[in-house]
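In what follows, chain A forms one complex with chain B and a second complex with chain C.
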Partner chain A sequence: MIRVLRIELRRSNVPVVALSVFLVSALVLGLTFREWLRDWSQLAEMTEQAVGLTAALAAAGGAVLGRREKRSRADELFAGTGRPAWQKVAPTAGALSIGLVAVQGLILAAALVLVRVNASYQSYSAVWQLGPDLAVLAGAGLLGLAAGRAWSSAFVAPGLAAGLVLVQVVFSASGVPHPLSFFNSGASTWTRLADEVVLGRAALGAGLLVAGILLAASRNWAVRGLGAGALVAGVAAALVITPVQRFEVDPAARRLVCSEGAPQVCVTAVHAYALADTTRQAREALGHLSQLPDAPQRAIELNYDPVAAGLTDTSTSTLPWDTTPDVAPGTMQFELVLKDGAATDPDLMRSMVSGAGASLNGCRLDDPRPLAVAGAWLTDAPTFEPISPYLRDMPFPIPTPPEEMQAIGAAVAKLRALPHQQQVQRVSEFREALRACRTKGLMDILIAPGPA
Partner chain B sequence: MITGWIPLYVRSRGVLLALLAALAVIAGIWLLAAEHGAIDERLAVITTGAAMMLAGPTLGTFDQALESTAAMPWPPRRALHLILFALLIAAVLAGIGYAPGWVVLRNCLGLAGLVGIGAALVGVRYGWVPALLWTAPQALFHSQGGPVPQQVLFWLDQPAASTAAIVTAAVLFGLGVSFYARRGGPPVSAAESALPS
Partner chain C sequence: MRAIRADELQPTTNPWAIESQDLKVRAGKYLAVRGLSLNLGSGVHGLLGPNGAGKTTLMRTLATVIKPHQGQLRLLGTAADDRRGLRPLRRRLGYLPQNFGYYPKFTVRDYVEYLAWLREMPAAAVPGAAQRVIERVGLADRADAKLKSLSGGMLRRAGVAQAIVNDPDLLLLDEPTVGLDPEQRVQFRELLREIGQDSCVLVSTHLVEDVVAACSDVLVMDQGLLVFQGRPADLVDRGRHPDGVGDSPAERGYSALLRQHRSAS
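Let's look at the complex of A and B:
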């Protein structure tokens, strides 16, 4: 059997299909490498997307292979041998499955090892997803093989591939998360893949595999019916089991990990790898803030999570407006933006002093200029680039126009022209207004003529 | 003479079947997903891609070796085949209202070039794969605007005025048509050619 498999692996199109699957998976995971390198949720999302694309290729590759079987009339030759039908298709189906599972398994296993080594918080739901993903891929290949054996038209392979991608685009374009979609976004920093998703994918993979084997090997309508039944059952089970919201809040990921010494700085467990640099910057910010009375003595990472807040579309609803954070007195919150998995947030200190440390209190602050004036005053800077709370992780930040920077600089100079005691008083009052969500007239509190 | 040649050519490549399948996909998606006389841009992109991918298997016959022995000027015929297929699909897509005419024309011609490149390089069997691999991410991760390399990568998603998308489509079309017209496809073994279709 091994010898037959080896010959089949060599003479069939399995090497070409396996290479295509490898390249597509490598491309998807390679292009998003920085996003998932330290994040299990992101890895789970990216591997799903890779499988969504490679399953279409696998089905098409299987169809081309099946067409070869049909065109070569190999089954006529095999029909003369006294062996059961499944034995005749086993080498071809085995070679295709082995090729697909080997390359996809290799690349996913490499990604799992990379995250295991680089992530500071370990969550293994993405590991359990590996098996069902491989079953889906192999099942898609076998179904393609069955289709190619049934219809020898050259249009079957591109039709299958385009059809599978088309279905995924239909799910994606509908705007409503679908259990069978491989392209639902939904992972956020403190989430994990729900166990039901892994179970649903396992049911789908099992259905595709059984259906593929039965349909490819069948010589009578009873077995074909059984194969179609397995396919329907797998899809139905996946639809029932898989939740629409595929990622769930992971409390362990939100657990705080704190620095030694004082003042204490804490980040969530998923960002523990950035604790050293965060502590340095946060302590510098706390030092600046200590110029004000009733200054915070401790800083913790804001761990607002859209999934926890019940927002289904996490790609656009990441703004925690009108949510009052539950923070102990003397503790301030900061937002940690670690772009592309970097271990440092270059703007952390500035974002913490912007708004005198009170800008992340859940109130909508549409005008970031008064926040910048307070930040400049605290850091003794001539001017200060405005920082919009909660919008620091935008992919393409909009640069501040020079005239706005000048206006901020002029406001800072005006504030500094006041007696020192009054400056402190005004910035303190500004901070209290922010804490109380009084968001109108903030610039007046800082620089308007008259008593503070 | 010529009236006899064209039906034979069309039949040997399954052009009618491909066109009918493409029309079925275009009409089916429109009937299922169009709302208020318009369709989601991502669906428009993947439908265009799917229709043009079906041109792939028509770019060769099942006995290339035999056909190449015919003393005929194949390059203009091949080029015309690819261009006409793209124009027909573009006319249908634009007529139904999938996207503005200029965008549909640009995308169909660019994809025709991509399918032509695929057929010339890897043969008819897998000639549609490059089109699938470049269309699928554009439909799934739809992206408009941004830096020029991003516009080139997502050229099918760009609006009519995007120079980067026009240049990308033009380059693909030029390369694909000329390459396919000159080469046709890689040689197919006699054993493979001898297999019944």
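Let's look at the complex of A and C:
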């Protein structure tokens, strides 16, 4: 058996299928490398999407392998040999499974090691996910093998691949995650893949594996019926077990990691790798804010999470409107935006002073210009690029028009034209209005004529 | 030299490797073999017949690839419809189909070893047996060449190698000499005679000269029936009949047989 297995591994299409799986996985994970390098939940999502594609490839490769016997007319010769049907299929199925699992396992294990080394905290749901993902991949390959043996048409392989991708695209098109699609989104910074999702994947993988083995290896209708039953059971179990809310809050990711010394600056464990630069900028911002009475003495990273807030469709409801931040007096929150896994947020200090340190209060602030005026006043800058709270990680930020920058500059000059005591008083009153969610007339508080 | 298995030393009650009585076999809806009664023992038996005579259907039936429609068939003492006996029986069969399939990327050695495994040879014996038969068919220098790189004649020889790798007691060869050059055909005949010393070899072919040169027994089929069974010399004798056409006495005897059978029916 080992000898024949080796022959199949070398001479069948398994090396080509395995190479294709490797390239597609490497492409998906390579293109999103910066997103998941320090983030377990992003890794879980990306590996899932890679498996969604490679499973379709595996099914197609299995179908090509399955039709080999009939296409080459070797079935006539094999039919006169003594081994039972299941033994005749075993080396082919074994080689396909080994090839797929080895290649995908290798690349996923490499990704896991990279995150293990680079992430600031450890979360192992992405590791548990590895087993079910590999079972799904091998199961898809074996089902393709069974399909290729049953129907030797050249259209089976591309049909299977296209069908599997299409089904997943259709299932995930609504935006609400579907248990039978691997193209779901929903991972966010402080989450991990829910255990039930991993369990649902395991059920699906087991169903595919058992069905693939039974359908490929047997010509007995009763056994084939069992195979079809295993497939249905696996799919049904996945549908029942997998929750709609695929990611859950990861307490390990949200745990605060704080700097030594004062004033204290804390980031969540996910971002601990950026603590040094964050501390430098946050202390600079706290220094500017200390011009105001009752200034914050401590800064912590905002860790509002839509998943934690119970929002199912996180793709459209990621903003914490109408929520009250849970912070102790004297502590301010800041939003840390670390693009592409960078260890620094270049706009952190500016975002902290924008709105006098009170902009992340959960209220909808449609006009960021008064926030910019307060920021410019605090940093002694002539003007200030407006920063919309919670929207700093927009992929394509819209540049502020020059006339708006001029208007902000004019407002800043107007504020500075007031006696210093009044300037401080107005900015303080502006900050209290923000804290109380009074979002109308903010610019008037800063620069309108008359007593503040 | 080959090892003697325990079952070969057991007393046997069947002197015939192939025993059929009123055998009928369908090829699709068409009755391709129509009541064939036959007893064949050790030796090399040549099976001749025109296209559509039922030779390939008969060979497939004897190789247990298709089941008889009616009649009795025993192979190496086992009834062909005995499901329990089929697996041990197949271990003792060697078969080269007319259009034998192969995987082009396999090497000659891979192919022979793969078929040896399918015929349930002991794992330890496979590499040695494969090397031996590859040498016997004259492909030792191409043992590690991929099948897709071989000529037609070489492919046939690789096919013969897989058929004899398990030292079969019943060897079925359908058109084994297609593509072989004259020198290779002569060598192949020697190989057949050697195997036929202690096994039953049935060779289906259109080449009358091969049968006369290599076989101890000749069978002629036409329209699904056995129309002649005898020695090659008997076929040559029939070549003196005025009905016969062909370049050699054996060919004339063969064609005369067919004409007589068709005129009688």
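As a convention for this text, the second predicted complex is superposed on the first by the 447 of 452 C-alpha atoms of A that agree within 3 Å, B and C clash if a C-alpha of one lies under 4 Å from a C-alpha of the other, contacts with A are read in each partner's own complex, and residues count from 1 in each chain.
To be clear about the criterion, a contact is a pair of C-beta atoms (placed from the backbone, for glycine too) under 8 Å apart; a residue touches a chain by one contact, two chains touch by 3 or more.
Quick caveat: nothing in here was measured; it's all calculated off a predicted structure.
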Room on chain A for both chain B and chain C (clash or fit): fit
Touched partner set for A:83, first chain B, second chain C, both or neither: second
Partner chain(s) touched by A:240 [first = chain B, second = chain C, both, neither]: neither
Touch count on chain A, higher of chain B and chain C: B
Partner chain(s) touched by A:1 [first = chain B, second = chain C, both, neither]: second
Partner chain(s) touched by A:12 [first = chain B, second = chain C, both, neither]: second
Which superposed partner A:72 touches (first chain B, second chain C, both, neither): both
Nearest Cα pair across chain B and chain C, whole Å: 6
Doubly contacted residues of chain A, that is, touched by chain B and again by chain C: 68, 72-73
Residue numbers on chain B that touch chain A, as the complex places them: 14, 17-18, 21, 25, 29, 32-33, 40, 42-43, 45-47, 49-50, 53-54, 56-57, 124-126, 128-129, 132-133, 135-137, 139-140, 146, 195-197
Complex contact set, residues of chain C against chain A: 60, 63-65, 86-91, 93, 95-97, 99-107, 110, 113-115, 117-120, 123, 126-127, 162
In the complex, chain A residues that touch chain B: 16, 20, 24, 49, 52-53, 56-57, 60, 64, 68, 71-73, 152-155, 157-159, 161-163, 165-166, 168-170, 172-173, 183, 396
Sites on chain A touched by chain C in the complex: 1-4, 7, 10-12, 68-69, 72-84, 88
